[in-house]
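You will see subunit A twice below: alongside subunit B first, and alongside subunit C after that.
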Partner chain A sequence: MKLSPGLRAVLRVFTVLLLVIIYTPLLLVVLNSFNASATFSWPPQELTLHWWKVAADSTGARHALWVSIQVALLATLISLVLGTMASLAMRRTRFFGRNVVSLLIILPIALPGIVTGIALNNAFRTVLGLELGFLTIVVAHATFCIVTVFNNVQARLQRLGTNFEQASMDLGAGRWTTFRLVTFPMLRSALLAGALLAFGLSFDEIVVTTFTAGSQQQTLPIWIFNNLFRPNQAPVVNVVAAVLVLLSAIPIYLAQRLSSGVTQSAAAAP
Partner chain B sequence: MPTAISLRGLSKHFGDVKAVDDLDLDIADGEFFSMLGPSGSGKTTVLRLIAGFEQPTAGRIELGGKDVTGRPPFARDVNTVFQDYAIFPHMSVRQNVEYGLRVKRVPRADRRARAEEALATVRLEGYGDRRPHQLSGGQRQRVALARALVNRPQVLLLDEPLGALDLKLRRQMQIELKQIQRDVGITFVFVTHDQEEALTMSDRIAVFNEGRIEQLATPVELYEQPASSFVAGFVGTSNLLEGPVARDVVGSDGQFVVRPEKVSMLAPADAPAEDGEHCVARGTVREVVYLGAATHSVVDLDAGATLTVAHQNTDRSIDAALERRGQQVLLVWSRDSLVPLGGNDAVPAGSTTGRQPSSPEENTP
Partner chain C sequence: MATPAVTRSPRGRRNRPRGAERPGRGTLLLLTPPMLWLGVAYLGALGALFITSLWQQNDFTGAIERVWTLDNFRDLFTIDVYRTITFRTIAIAALVTVVDALLAFPIALYMAKVASPRLQRLLVISVLMPLWASYLVKAYAWRGMLSENGLIAWLGAPFGIDTPGYGLPATTIVLAYLWLPYMILPIYAGLERLPDSLWEASADLGGGAWTTLRRVVLPMAFPAIVAGSIFTFSLSLGDYIAVRIVGGTSQLLGNVVYDNVGAANNLPFAAAVATIPVVVMVIYLAAARRTGALENL
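What follows is the complex of A and B.
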């Protein structure tokens, strides 16, 4: 598409403006984590690694980080297993209400977190009689993490069709062998992309977590929220936030690299 | 000769559509058998029923005398060459070819040797380490063939395997396929919509129409003695004479077919003496089509029908032929080459003009 030079200039300005608006505050957080002044006076008079050291020594922050990682890993694992099984089942069998089920699986990602949170909180405590804690966070996260795996795998299955599996069965492989040697290897990159997104979703979730964590467990986002307004903790919060930005950017970046790489190799091998 | 495949009362319905309708068929051991028909005629469905990808609505499938009707694809001694080859993209050529042996737990050294042998059969020695995306369409087709042949199945099923190749490669592969089939001695069941392909390779051909076999015959019988106007129209160019035209030109009621190359075209002045051995018809040349090796003239008979006349371009007579456009001519053919048809079947639309069916693939649901 050809654009007039004037329009192109306008678009360029808007793009730059947008990126500035999004990323300046984030940069500020990273920069302030090195700001020597505890009140974040601007511009920084002096830079220091002191807050990073304090943060590294903060047992509360370290523990919260570890909880977040464990929760994200477990929720991702559950999503991988259930999401793959669900998308395989949806393809193999045509049953009444198939589209409804598909919609119901995808819905949690669109539901307001606060609704999901309250609903799960109620269900866990009253109906199931569970005590809120580590496990309830994992289950709550899995409900929406499953969507990324389900969607990725379903899209891949749709593109692959059933020919490769038929060829495998035709050559004498049973259903499990066919899955192991043909279907799974062809799903691998879709699974990885789905898993990375699921990990990213779980790692920075706060709303649902607030309602399902109980008083004993703190994930990193909750720890940040609780410490944000304590004046003596503010510099440490900045450091933790900077770490969080980096940690959540990595899986998203990898997932993107992965899915674009896959489309390229698929184009080369039609 | 022992029977490789035996189908008894085989039906497959998709909703209201009878894709295969009460089919009985025996295919002999070592035969090159083709199933020919237009899109949606049921030929691919029959193949998929034999392979086990579809379950029949009714009827029985026997392979080598054993009933395999309810068995899944991996428990049948048949292998398939798919239309799109379905070569596993995440495996090398060798891993693809070895796949069938690997899942049957053939020892590594043994399966390596057999894979090399199969690759040699399809003239792909030294390609074992290539990845599928590095291969051309023709090479991929050969890999698919090797991957199936390496299992030494009782029956090899081929689903329009040459459809994706260009014409020259397709002709070459037709000859090679026939040769491979003779060498390995395996029964080939070949599905195609291309009548030339079927005539070139087959021992016998079944012409499919609307889920039924219209005619089952050798290529020569099929072309020279078509059983119905459908077969006559689908295999080769048919010149159909029926109703008043038949009465007028042939001298009796019924349906008759005369192949274009059996008709000679003369100037009106050269009318032969009436001898009872020949049919003579007067007409006007509507179109002259130059095809390189031959010329086709489309002639509107005064009696009403339209006949195509083929003429081999063995001399420079083409100049004269081209000048005949719009002229009055006399068509003459021997009564021996006139084929009476049995049924009253409708001729498929467009087939009398000699065009080949143009749909590249069959869309069975």
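What follows is the complex of A and C.
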């Protein structure tokens, strides 16, 4: 498209400015974790590694991190199974209710987190009489993570068509063999992308978690939130925040390696 | 497409046209577990929530009494505080959406139509990357920036600008910051699909850059903007964390729900409040559907 040079220049300046604004808070978090002042005033007068040592010894943060990883792994596993099943079922036919199924899968993420949160809270406690804890967090997270796997696998299936599988069956392979040797290998990177998104979504989630975690279990976001307003914990929170910012480069790197189509769908799942 | 091999018998139906098949046993087997989870458990939970909103809370014992009543909704609509909070929440969600659209359109246009393919790829990553950084960390970072001795006060000092402090303006800024990528990416995708020939045709017919933007590009990109707005609007409607971090004492709908589940332990009323964002979103989605935005998600 031909844009006038003036417009191009304006857009370029705007883009650079906006990117600076987008990245400033993230860089600031990392920088602040080295800020020697306990009040974190700007600009920092002195830099130190002291807080990183303190944070490394914080058992609360370490425990919360471990809980978060476990929850995210289990939720990812469940959504991989359920999301793949749903997308395989959906590719077959345009049966009645097809749209209903996709709506159902998107619903947990389309509705505000607070709605899903108290709905599940109410269901666990009042309807099922369960104690809130580790298991209820996993169930809640899996519920809204299914969509990421479903979206990725479905997009891949649509692109692939069915020729390879037909060829496999024509050559005498059964359904299971075809799935194992033909379908699954072709889906692998889509599954990985979906899993990556599901893990990220679960790892970062706080709203639904607040309502399904009970008082015994703390995921990392809950731990951060609980310690956010405690002045003496601020340095540790700063370090944890900095670590999370630095860690977020990993999934981006992985997503890039998977394929460019993957990063596109990364946007489709908030 | 009509003959995926995974679950059907290999013989006989291969040449049927797409859409002619009926769901077989395999489809049902595959569909049952996810549908039990989402269709029965999750939808059931939402249904139970709605039913709870029609029950009441015993003020003395704190127990839920299973008596049908519309009192929760009556309170919601007649007590001034809740009406104010509802309109405030919708207004902030709308403002966040407008701010995000205004910020996202130029950068999306640059990404889609000015940047080289290499730069384009790099920009997509740059926009995506903050999405992976923790939501809480970003809100927390802004809390530091907005504080009395934070970056904004420091930067603004030479120009006589002070930080807005913690409150609704800060909440709007932070929410707009948090959801911006969700607006940029759909608009970018929408603009990228726009053929260059349209721009040239408009120029040939005498349209200047500005006229073309306003009368050709913007209307074509509108469904994509609406698609992005679904995220920014919905995410803002339900938020209560950002407002607790940078909103000072301000309250949004999410806070009312949170306080009623937690401190006040009045689940029926919390459930009634939670139906507001759902109803608003349903109306919003119905309106968005008419623009064709849902195909742009």
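The criterion applied here is as follows: the second predicted complex is superposed on the first by the 252 of 270 C-alpha atoms of A that agree within 3 Å, B and C clash if a C-alpha of one lies under 4 Å from a C-alpha of the other, contacts with A are read in each partner's own complex, and residues count from 1 in each chain.
Quick note on the criterion: contacts are C-beta pairs under 8 Å (C-beta built on N, C-alpha and C of every residue); 3 or more make two chains touch, one makes a residue touch a chain.
What you see is a predicted model, and the numbers here were worked out from it, not measured in a lab.
Looking at the shared chain after the overlay, A:P185 reaches subunit B, while subunit C stays out of its contact range. Legend: residue contacts after superposition of the two complexes on their common chain; A:T177 is shown touching subunit B, with no touch to subunit C. Of the two partner chains placed around the shared chain by superposition, subunit C is the only one that A:T24 touches, whereas subunit B remains out of contact. Once the two complexes are laid over each other on the shared chain, residue contacts for A:Q166 go to subunit B and to subunit C alike.
When both complexes are overlaid on chain A, the residue A:N32 reaches subunit C alone and has no touch with subunit B. Between subunit B and subunit C, more residues of subunit A are touched by C. Residue contacts after overlaying the shared chain place A:T143 against subunit C, while subunit B stays out of touching range. The interface of subunit A with subunit B overlaps its interface with subunit C at residues 166, 168-170, 182, 268, 270. Within the complex formed with subunit B, the residues of subunit A that make contact are 163-164, 166-174, 177, 181-182, 185-186, 265, 268-270. Remark: subunit B residues 51-53, 72-74, 78-80, 82, 84, 86-90, 99-100, 102-104, 131-133, 147-148, 151 touch subunit A in the complex.
The touching residues of subunit A, when paired with subunit C in their complex, are 1-4, 6-8, 10-12, 14-15, 18-19, 21-26, 28-29, 32, 39-43, 81-83, 85-86, 88-89, 91-95, 101, 104-105, 107-108, 110-116, 118-123, 126-127, 142-143, 146, 157-158, 161-162, 165-166, 168-170, 175, 178-179, 182-183, 200, 204, 206-207, 210-211, 221, 224-225, 228, 237, 241, 244-245, 248-249, 251-252, 255-256, 260, 263-264, 266-268, 270. The part of subunit C that touches subunit A in the complex is made up of residues 1-8, 10, 14, 18-19, 21-24, 26-28, 30-31, 33-35, 37-39, 41-46, 48-49, 52, 64, 103, 106-107, 109-111, 113-114, 121, 123-138, 140-145, 149-151, 153-154, 177, 180-182, 185-186, 189, 194, 196, 199-200, 203, 209, 230-231, 234-235, 237-241, 245, 254, 257-258, 261, 267, 270-271, 274, 277-278, 281, 285, 297.
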